[in-house]
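Each chain gets a letter, A, B, C and D, in the order it is written, and its residues are counted from 1.
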Amino acid sequence: MLKKQFNDTRNRFVDICKDLKTEDYSVQPCIFVSPPKWHLAHSTWFFEQFVLLEYKADYKVFDEDFAYLFNSYYNNAGKRVLRPNRGLMTRPPVEKVYEYRAYVNKAMNEFLDETSNEKAQATVSLGIQHEQQHQELFYYDIKYILGNQPTFPKLKNNLNLTEVHDKPSWIAIEENVYDIGHKGQGFCYDNELGRHKVYLNRFEISDQLVTNLEYMEFIEDGGYQNFNLWHAEGWDYIQNNDIKAPEYWHKVEGAWHYYTLNGFEKVNPKLPIMHISHYEAFAFAEWKNNRLPTEFEWEAASSKFDFGLLWEHTHSAYLPYPGFSKAPGALGEYNGKFMINQKVLRGASVATVENHSRPTYRNFFHPNMRWQFSGIRLAK
Amino acid sequence: MLKKQFNDTRNRFVDICKDLKTEDYSVQPCIFVSPPKWHLAHSTWFFEQFVLLEYKADYKVFDEDFAYLFNSYYNNAGKRVLRPNRGLMTRPPVEKVYEYRAYVNKAMNEFLDETSNEKAQATVSLGIQHEQQHQELFYYDIKYILGNQPTFPKLKNNLNLTEVHDKPSWIAIEENVYDIGHKGQGFCYDNELGRHKVYLNRFEISDQLVTNLEYMEFIEDGGYQNFNLWHAEGWDYIQNNDIKAPEYWHKVEGAWHYYTLNGFEKVNPKLPIMHISHYEAFAFAEWKNNRLPTEFEWEAASSKFDFGLLWEHTHSAYLPYPGFSKAPGALGEYNGKFMINQKVLRGASVATVENHSRPTYRNFFHPNMRWQFSGIRLAK
Amino acid sequence: MLKKQFNDTRNRFVDICKDLKTEDYSVQPCIFVSPPKWHLAHSTWFFEQFVLLEYKADYKVFDEDFAYLFNSYYNNAGKRVLRPNRGLMTRPPVEKVYEYRAYVNKAMNEFLDETSNEKAQATVSLGIQHEQQHQELFYYDIKYILGNQPTFPKLKNNLNLTEVHDKPSWIAIEENVYDIGHKGQGFCYDNELGRHKVYLNRFEISDQLVTNLEYMEFIEDGGYQNFNLWHAEGWDYIQNNDIKAPEYWHKVEGAWHYYTLNGFEKVNPKLPIMHISHYEAFAFAEWKNNRLPTEFEWEAASSKFDFGLLWEHTHSAYLPYPGFSKAPGALGEYNGKFMINQKVLRGASVATVENHSRPTYRNFFHPNMRWQFSGIRLAK
Amino acid sequence: MLKKQFNDTRNRFVDICKDLKTEDYSVQPCIFVSPPKWHLAHSTWFFEQFVLLEYKADYKVFDEDFAYLFNSYYNNAGKRVLRPNRGLMTRPPVEKVYEYRAYVNKAMNEFLDETSNEKAQATVSLGIQHEQQHQELFYYDIKYILGNQPTFPKLKNNLNLTEVHDKPSWIAIEENVYDIGHKGQGFCYDNELGRHKVYLNRFEISDQLVTNLEYMEFIEDGGYQNFNLWHAEGWDYIQNNDIKAPEYWHKVEGAWHYYTLNGFEKVNPKLPIMHISHYEAFAFAEWKNNRLPTEFEWEAASSKFDFGLLWEHTHSAYLPYPGFSKAPGALGEYNGKFMINQKVLRGASVATVENHSRPTYRNFFHPNMRWQFSGIRLAK
């Protein structure tokens, strides 16, 4: 079962990369984007470092240099290539990284056949979830890599947003104490643990995501020019970066177009708005005289609506739940050390691996970031 | 009563500046510090702009240029000198700014004698509180101005920290729903309003602030070299800025010294630690295997301990309370637009004007800032 | 004679500062501008460091800290305040700097009465020339300090440019070998020494400086928009810094105005163009289908025209003459180490102290600088 | 003849790239390095833009986008990808660029068979020289790309420096007027034209390049720590960039090693020192109590020594010769607009295409650059 999950996940990554050109694998257009080759190798290194080296007798690493090349941010796992330099490593070439994946897969399959160590199995589970996260990041990154080239190359994919057909309606949630956080035996990250009570006032939340049409109205109404709608830092950010529309949007002959992995096309007004930062989501909500939900409101209401199209901005800062504690060693660096200056997003997106989502899942990004697949659900 | 409060506040600012050299008034050593002259003029402009121009018939502004020169961040009140340039305005000279203060004081006294407009009076109250905040900022700023000069000049003052004599003990607070936020008729800021219920688990909080002695132990134990204690961004920040001790601390011949307004002297181990950022407070708490309290815990426990020495770092992000709404117009820019990427500090400091503090008062700074008079109270 | 020259120079600096406000003395709006207080102290420190400490028995320094505070760039004379921080030193206050000047003047007068040491006297001569250079820099700097404030304050002065009345005519200089460099016994800097032969082709040089009128024609003709006129680096520089006119020029209601120390006024078309960088001078010459003279051409022709209004841009890079050698020790840092990436300007300006100019004098600035009093003389 | 030269040059570029991995073609580790793919395409675009589109009837461009993608700095030839983004274009892939080369080669061969237009032929000559320059740049760039990766990959090549066996001796050149600049009918760049007389004092110049051994002595003697040897800007540059040895040098277990395209190996003391900037060459010459030759001295003496191992730093700024004039249109941007802030290097290097060098050839780089194949010849 774990072995099947492992192999499915590993195969899926190779599968979603199969239409890339060799050149697409290595480039890093900005610091927050990682090259596909790096994702492929790093998610492999995770199994090598935290499972095989830890638990498999006589395991021989594929290449001594790779720990240095493909560690992401685990200080406890040694030195590493600085993040801005990930795109400069032309070697190992892509083919070598695929050999690395095959080598580690083989060793992992052997290991999964022979082991009954529960701690090791838990780390394998974490590694699978980790790789699934990187598969989602891969989509953010390849879209950024291709969508910022003057020729707007396409990439075959099956990420399909669905149109928002009906009028949104408001779901009312009553004032009460709610239980928040992960429950039960299934996998969750450490940041979801510490199920605890949160007191919520009565609120209402939309059953639908905001559409491109609504967002275009915000733009046309001067939303990007009205400082009263914005956080002071958001306002500075859009001024300094000359932001007047969502990521990938371009006005061509008076009409809004955007880059998608299917190419450069006219904005579909019925689809949910996507690629807006927390700053933009906040300003849009102000303009609507609504607000973003907190992550607790979102979770308390989540059984009443569908989600899974886009990660939904919340008003909440990314903070530890009561009683949060980090795992010892390098894996303790997974979540806790990022709990500052970031905002929680809830839900999942069309780029999320199936079964990787939960109502208690806490995703997080800095408030200026918008290359992730993010959307807006309003509350009031 | 309001008039007396007005005049007391206004006179106090002149009083605390009386030992400055003319040169000290104009300098801006970094972007977050404002020159004393600017504080004196800006707090005056606030009354001119929001009270006299708004409510006093036939009021004639002292100088047409001053709105441009001394507006801080109120976009709704027009254009202004960019923040980094505040220290470059040698004109008007200091003497002119004192004339400006006298001119506005005279007009305000006339106005306060004649008016019964409650909205105007509320704005005067806000202006008084605003000026008191700038008087506290003045102390942060002048300490930074003088404390970063090679000659460490002194400034006469009566800001006295008191020693922490006894062993700290833990105060236990029971699990319950607590009411949080301002209650009653007295003055408060908009960010304290929206009294609401918060569910708290049982916790314990120290009755004392952390001392210099304890913090020196943290330093000696390698606290600034152990990445596991830090947020990832905190770690990057102290690396990039080569931070190895609190602001104003210097090691001289093996012993820690610091700059205070009384001069350069040996660190007193019994005084509370001061001038540490949220990043440093967090790392210290990790090292102690404790944590910082949330602002809700702090408020719920605040009747059980004394405060008023230093602003106390909390774990909470600066976010609006349920039902928060901004005032219309420029004064709506006072607090709300800063509710992103900042951390709440609670309490008050020795630089806070008497009666300016409340248990519900929410101060806020970015997590890297440490020129403010900040300290640490632990929780667990 | 040397004593009179010393006292005249020293008194002149106090004299030209007498209309400054105390606040004007301490500010540093950008890295290449130094505060007037710093100039006053640094030129004094030069005599203390290189004359009094070197040659006067039992001389006691005025203040031990001043060497650190007021050294400019002499690595051999010890550590010093970093250049960008000169404007942050509010202490010593201005009055203390004037005491410092008086103290050093007294000691210097005693010393000049008693000494007959020729090396010491030569250093005094250098110190006088040095202070005269700083008096000229003072004018560049105070103009920048005042001219970049929104209120455009005036300063009483007697720097008067004279109008260029007549049509310029071309002076022809024949092909030949010319002697270049300082000759005779009078004072000169080390960079003028090494009189040597230079072979020049026939050329013509204008007898007049380019006027504001001609420069306005260049602007109106799109000079700042035509990349073909500019060096690649010049073009980048004006794009990145959004430069579309000389320093201090502003277009108000369709007419060019500029800041002068006499206030903000309409551009006088008959005055020579001023405050243009080498980049701009080069582009203007290209537009005219002329060129800038080399410094050798300028010197060879200099007896045929008047100069002294503005420093005149030349085409020459600032390089050592054949046989150039630096003085030993700190004074060897005076000129030689700057002989890279700079351009030579020849002549003198209305801000130059009388008798401080010579036809062989080599001034130098980076090609982007334009706060100095610079003008254009064309050649072909 | 021209056709053979064209085809030889074009084929050579494909040949020297044949051992690259696909990934190596696209990366740009810093702004001054261009990806090999870009060089291959840009040198092709040059023929398409300036020959085929200009002179060949009915020529159809290979791809409309390529002018935008592969123009370097010719403002007159339209908009283009910004220099720092050259490494982000994963498309077109390498194979497409090779198709582009073949397509243009075919059209060029047809054109060269049919044309007798001398202006067109001159542009073809220029295009050949241009491509040869890019072939040399390719070596600088690929060395930088590979040499800054942690794994130090090798690349097969035939660039061989030869050892400097004997004691260097000084060649004396007498004081006289010398003719400088290109003479005769062969190809030269516009910056070599304007043959003119230069008066030179007697000087001596070494018959050999400085060796690694001599340079290691400079390092061991504290050359990088002694500010008196450096230009002020050079000193700042090495401080700010933490430079303590030539590019590609690393000290491993007490011994100097360097990266070469043959791998990471111990420094050979007998080879000429390489990859030093003008700043470093100047400091080394100061330390030796010698100096760098001027470009005029170098040219006047060049018949007396061999050159061709490394480009040799000169003291001369890159300036136009008397009578220099730019070609009209885009090709006028080839050289002239760079004649500011750069230094002349003379000679040729082992990476220079055979017959691409001349005693009058003027190469130029900024004084901080050192990724080019540069060396030192002393004068006095």
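We adopt the following convention: contacts are C-beta pairs under 8 Å (C-beta built on N, C-alpha and C of every residue); 3 or more make two chains touch, one makes a residue touch a chain.
Small disclaimer: the values here were computed from a predicted structure and weren't measured.
The chain with its C-alpha centre at the largest distance from the centre of subunit D is B.
Chain geometry summary: the mean Cα position of subunit C and that of subunit D are 36 Å apart.
Centre-to-centre separation between subunit B and subunit C, using Cα means, comes to 45 Å. Contacting chain pairs in the structure are A-B, A-D, B-C, C-D. Contacts from subunit C toward subunit B in the complex involve residues 21-27, 29, 37, 65, 68-69, 81, 85, 87-94, 145-146, 148-151, 153. Interface of subunit B with subunit A (complex): residues 73, 75-76, 177, 196-199, 201, 227-228, 230-235, 278-279, 282, 315-317, 319-320, 322-323, 332-333, 337-341, 367.
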